[in-house]
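By written order: A, B, C and D. Residues from 1 in each chain.
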Amino acid sequence: MQEHILSILIFFPALAAMLGFVVHKDSAKAYGVTVAAIEFFLSLWLWKIYDPAGSGMQFQELAPLISQFGINYFVGVDGISLFIIILATFFTMVGIASLTETRRLKDLIITLLFLEMTMVGVFAALDAIIFYVFWELSLVPMLYIIGAWGGPLRIYASIKFFLYTFTGSLLMLVGMLFMAFLHYKHGGVWSFSILDWQAMNLPVNYQMWLFGAFFFGFAIKVPMFPFHTWLPYAHGQAPTIGSVILAAILLKMGTYAFVRFSLPMFPDASVLFMFPIAVLAIIMIVYTAMVAYAQEDIKQVVAYSSVSHMGVIILGIFALNVEGITGSIFLMIAHGVVSGALFLLVGVIYDRRHTKLMSEFGGLASVMPRYATIFGIMMMASVGMPLTINFVGEFLSLLGFYKQSHAFTLVAGTAIIVGAIYMLAAYKKMFFGTVTKEENKHLKDINRTELMGLIPLVILAIWLGVYPKPILEPIDKSVKELVVLMHEKARTVEAQKRIPDLTKSAQEVH
Amino acid sequence: MEIYLYIALFAPLVGSLFSALFGASPKTKVTGIVASGLLFVSFVSSSILLSYVLGGHTVHVEMMTWMATGDLYIPFGFVVDQVSVVMMMVVTIVSTVVHVYSIGYMDHDKGFNRFFSYLSAFVFSMMVLVMSDNFLGLFIGWEGVGLCSWLLIGFWYHKESATWAANEAFIMNRIADLAMLVGIFMLYWNLGSLQYDVVFANITTLPVVVITWIGIFLFIGAMGKSAQFPLHTWLADAMEGPTPVSALIHAATMVTAGVYLVVRANPIYSEIPNMGLFIASLGAFVALFAASMALVNRDMKRIIAYSTLSQLGYMFVAAGLGAYWVALFHLMAHAFFKALLFLGAGNVMHAMHDELDPFKMGGLRKVMKGTFIMMTLASVALAGIYPFAGFFSKDLILEVAFVDHHYIIYSVLLFTAMLTAFYSFRLVALIFHGEERYKLFGIHPHEAYKFMLIAMAPLLVLAIIAGAFKGSYYQLVTSLLPSGEYHVHSIATYWIMTIGTQLLVLAAIAFAYKKYSSWSSVPDGTSALEQSFGYKLLANQYYIPWFYEEVFSKTYRKLSHCLWKEIDLKIVDAMVDGIAGVVYKTGEKTHKIQNGNLSDMLRWMVIGLVILMLFAVGFSVLAMFAQAQVEFVRIYIGELVLGIGLVLVAVSVLLVTYHAASIRKTGKGR
Amino acid sequence: MFEAIAFYLFAALTISMFTITVMTQQALYALSAMAAGMIFISAFFFILGADFLGAVQIIVYTGAVMALYAFGMMFFDTTRTVVEKRTNPRFVIVLATLAALLTVLVVIVPIIAVDMPAQLPIDPSAGNSQAVGMVLFTKYLVPFELAAVMLLVAMVAGIVLAGKKMDKSLTLMAEEEIELMQTAQYTPVAHEEVH
Amino acid sequence: MEITLTHYLVLSTILFVIGLIGIMRRKNLLLLFFATEILLNAVNIALAAISHYRGDYTGQMFAFFIIAIAASEVAVGLGLLIVWYKRTGRIDLDQMTSMRG
């Protein structure tokens, strides 16, 4: 079973979803929770049997699909993808467990389980075609979730979401095909294996074009400024569960792909485009944080804040050193936990009042103290309070990028200021002051179902902030391999300078 | 000894978590008692550690790894050495007193349990801050106290002003924290470690420019936490919090964290003397600046807050001039008498039903004898009268400035000392002497609980006798900090200086008493003094908060609104929608081509054929050029292809439009 | 000299015949002009030494194709003048010229520029028909057979398509019957014509 | 006064133009067929000429096959035309709009 653990992880939810059609609709939720829990424990088991000392991809599985074009079913995990997979299974479980939706619940759960398959698939795929297939497939369930269970503008939002991300990924597909062709030209055989591609040594101008092609696909997914506008609509219209999954996992696909594709395949281009991307990331951080401050809808605040944090992740990735990349991968997980939790929290109040306008609230701290407390903890995690999960990631990302540019880091560091501004302002508007609206006076505090989803997230947010080592170590190991590979492949002097030579520094120490 | 270290550190955390368990439940005295008890335990452990450190040892533990990646390795490490143990003592003493006091002060408050949870959490953060053995650990505490400060300033969250002040404090501190983070980044990338011992051992290997930048960034961090100009406005607004909070956080401990940082990082600042001079000058400026604002203020707590600011200025003068032990000593002494002053003010507030204007009080010494004595003595200590604590610490700073030949700083500080004496006794005189103006407002003041007064007693004692520890303190800390006896060489000068200062201060006190002890009316803003420009300037805090609000807050608000409405929605998003719209409209417009008329289709076919062949010919011509090895064509082949392609597209578009026009014409004709 | 005169003569004739074919309003004129044009084209083939092709041209085009057209036209009302589309003639001419020039360019330039070697060099010793036969039955055997099959299929298709309802004759049927038949078979067109 | 390949190609082009003009202006389906025949013949001339001037039979072969294809096209096309005429009584292109997009 161990050697097929990844296939089981990918296809178990899909299988369960298909079986779900015959489950009676009253027991659908129990069924969904059970399946998601089993999947989550399977992923935990994957972590347990994952060998932190081992190098490269583990639990590789390879089955030929179209062998003359080198397309294989090829999956595997390393420290980078392992935790995002666990995060995905975790959030599906938490999401289903805390579902309060009543309309067509069974369909929703089945959709979510399909979505889980695609998410795990994306992060486990080592073949570009498999990766692409899961990447695109993930759009479909999300399209349904937004389009079927969303708010009044759901059709517009879901179509915008779909077309926007789809357009980006088409460019990515072109890039992939060209990569495979280059591999064919170079070595005489077609290959879509990511590992083969990482071993290819491309001329700098090829790297630049390919980097650009991949960049659009990833950047729209992240979403980077100025491709971010689909996100507020999607979040604004999506049901709570949709927003949670979207923010926690789907956005990570973009940043993960940067680490998996762009960095190891095009190290020179990464160095070359580092500063333009850093500028975009900084605009993303500051600009979206300011836009978040102007929002009137609490969900939009969280949506824009998640864009802002994604900027820090991007910055960390393009630090191109171990500290920065490790930090940004950790921040992906942290951001997943925190923004997922924040969206769940917004869902809680939306269920009660059916509005997300902050002006409708005020003084909730006295009516719903538990809710206010959890929201406060998560808000503090979001603004990067030390000993919460976000701080570790943000600190390492910024620390890493400081090596590349001092001034940019200083500007990007305003994230911690502007982040505090919009979050505190929003918190003040919602929770502080006196209760002015009659409807708010008798709001029920958070109930058990909701706590079930939120308490684990709170624990996670603090536990990983205090003791990030179990996660940080495997990530660090894989990232080191990545950086070594990048340094070896770097052709330009600039790239060799910017990407640290780990082998040399290791020798110096010993 | 490690066990005591852990007890001292974690007892407050346990207290906080214990109280947090009852956070949403109705008030129980238990939380207050347990939290205070645990703090006392922490205090005892600190004392044991102090005696251990006095024996010449230090304790250094590494609890566990926090972050480790790449070359970065940051543990949760704690160190109890001569400097941190002093801070630990100050923190635990003041916080124990404040905790016990708060049991009485917060007696009638609904958020009693919550309050103790926050307050103990603050103490824990502060302990982390002072005990950490690396810069990032310090940063944890640094942010932790910021968080607790936010929680406690906004404790009465239903008050708009309180939550506003809380946010202001947090955000201003964040600005400074960013600089501090950058300083930490610089340390890491230059030295590869954030441990104090490693950093301080290797700091001299760096170029001076780098050290200067590190020093600047770390100091900006310190400026935020210690509310130095221009990041000072939050401190006065922070007085919205409950008074014990002001005593503990905004007088005794948190605001002195900046001074602690500079003292702790003394090996860095010793390398850059110019920076030190700048710090000292800024400190002197802030001392005077804050004292001037305290002169006219009509809010009891704000007056004391400005006084705190002013004293922080003193500490920075000492630290900037390299007299780190003096700075730390003043920090300690100041913590005692300023906390006492605040707690006394808290008693008065309680008695006066949260009235803060001293002009509406008067004559309270009859009903609040204990408080009156304590506040008077605290003010005496603050003014620096012999033999109270302030005399030993504050006059020492004056001496330092004098001995180092910084006469401008010296005279500024001397003048400030007079102002300090004046505003302190203006406050005392207005509150406790003169007519009982409160009767106009129908208030019936009463003395605070006995145990609150008893709780304050240790502070009173320390405020009086702290100066006596100077010798042993000096012995203790100079084993870690640069030593330096600051004695005026000539005995005569020394005596003239000391006695002169005392006389000036006494004169200021006398003036204050004379002017305010028989005050009889409540000023209503019509007197000539209140109309004068100088008064208005001071009363409005030099219009700096107004300036910040108008220039920064409003701009930020407007800018962000504009970014959202004008740029995000109207440009970025509209661009995307525009592209989609163009595609859609093109489809709408051109679907007429598919009118099913075979004849038209044939014509389109010919047009398409022409366009495609134009492309083919264009490309082959280019290929020919490339083959002919025309250098520029080879270089600009991409651009050429693009250009010719564009021209071809333009031609085809022209053709299409022309044709479409002709189709429309025939359509009309039909 | 003789060759030049022949070329220009036939060129002029062909062009004028085909112009008539394209421009005339009478279907019968068009048919006749085209038949003539086809014969003149075969003249070029003879000039170029492709005797066999010339013969095939005359036989197939002027014989078979034109006969087919002539028979086909018997079904239609050919006496009516043909109504043309009202389009900008200048545009049509420009477009047609451009297309023709480009086609020629695309096809010819590589042949001339690259100087492709002859794949099946003309053998002067053998006569044209003989040589064509040799090539046709060796290298192009399969295409040739395929072409034969295709012709057969086309013939069958032509018969089947044209021969449907041969038993009914529109000329002999009464108006109502035709009407009935037409509406029953094809109503949508009649409706769409209204718009 | 040598007749070169260029002469033939120009002739072929002119005939092709005529054919294209026919295609674009004819509305009567039958006459449209005529125009396509002209196009095919124009190409045939070019092929035969190239074959001659380059001493290569390939051109002639292609012309031959083109003739064959033209013949079958006429057979099928006329059959279809007759069916259409039977249905509608007209063979105008304008009425064939069932492929409207």
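Note that in this section a residue touches a chain if its C-beta (ideal position, glycine included) is under 8 Å from a C-beta of that chain, and two chains touch if they have at least 3 such contacts.
All figures in this text were calculated on a predicted structure; none of them were measured in a lab.
S.K.: Among all chains, which one's averaged Cα position is nearest the averaged Cα position of every protein chain shown?
M.R.: When every chain is reduced to its C-alpha mean, the one closest to the whole-protein mean is A.
S.K.: Report the inter-chain centroid distance for subunit C and subunit D in whole angstrom, where each centroid is the mean of the CA atoms.
M.R.: 5
S.K.: If you average the Cα atoms of subunit A and of subunit C to get two centres, how far apart are those centres in Å?
M.R.: From the centre of subunit A to the centre of subunit C is 65 Å.
S.K.: Distance from the CA centroid of subunit B to that of subunit C, rounded to the nearest Å?
M.R.: Comparing mean C-alpha positions, subunit C is 92 Å from subunit B.
S.K.: Give, as an integer number of Å, the spacing between the C-alpha centres of subunit D and subunit B.
M.R.: Using C-alpha averages as centres, the distance is 88 Å.
S.K.: Could you list which residues of subunit B touch at least two other chains?
M.R.: Each of 599, 603, 606 in subunit B touches at least two other chains.
S.K.: Return the residues of subunit A touching two or more other chains; collapse runs of consecutive numbers into ranges.
M.R.: Touching at least two other chains: none.
S.K.: Two or more other chains in contact with one residue: find those residues in subunit C.
M.R.: Those would be 85, 87, 92, 95-96, 99, 103.
S.K.: According to the definition already given, which pairs of chains are in contact?
M.R.: A-B, B-C, B-D, C-D
S.K.: Would you tell me which residues of subunit B are touching subunit A in their complex?
M.R.: Residue positions touching the partner: 23-24, 64-72, 136, 139-140, 143-144, 147, 150, 154, 157-158, 160, 163-164, 166-167, 170-171, 174-175, 177-178, 181-182, 184-186, 188-189, 556-557, 559-561, 563-565, 568, 572-573, 575-576, 580.
S.K.: Using the touch definition from the top, list the residues of subunit B that touch subunit C in their complex.
M.R.: Residues 599, 603, 606-607, 609-610, 613-614, 616-617, 620, 655, 658-659, 662, 665-666, 669.
S.K.: Note which residues of subunit D are touching subunit B in the complex, please.
M.R.: Spelled out, the residues of subunit D in touch with subunit B are 20, 23-24, 26-27, 93-94, 96-101.
S.K.: Can you check the complex and tell me which residues of subunit C touch subunit D?
M.R.: 1, 3-4, 7, 11, 14-15, 18-19, 21-22, 27, 30-31, 34, 37-38, 41, 44-45, 48-50, 52-53, 56-57, 60-61, 64-65, 68-69, 72-73, 75-76, 82-85, 87, 89, 92-93, 95-97, 99-101, 103-104, 107-108, 111, 118-122, 131-132, 135-136, 140, 143, 147, 150-151, 153-155, 157-162, 164-165, 170, 178, 182, 185-186, 188-189, 192-193
S.K.: For subunit D, which residues count as touching subunit C in their complex?
M.R.: Within the complex, subunit D contacts subunit C at residues 1-3, 7-9, 11-22, 24-28, 30-31, 33-35, 37-38, 41, 44-46, 48-52, 54-58, 60-61, 63-65, 67-76, 78-83, 85-89, 91-92, 94-95, 97-98.
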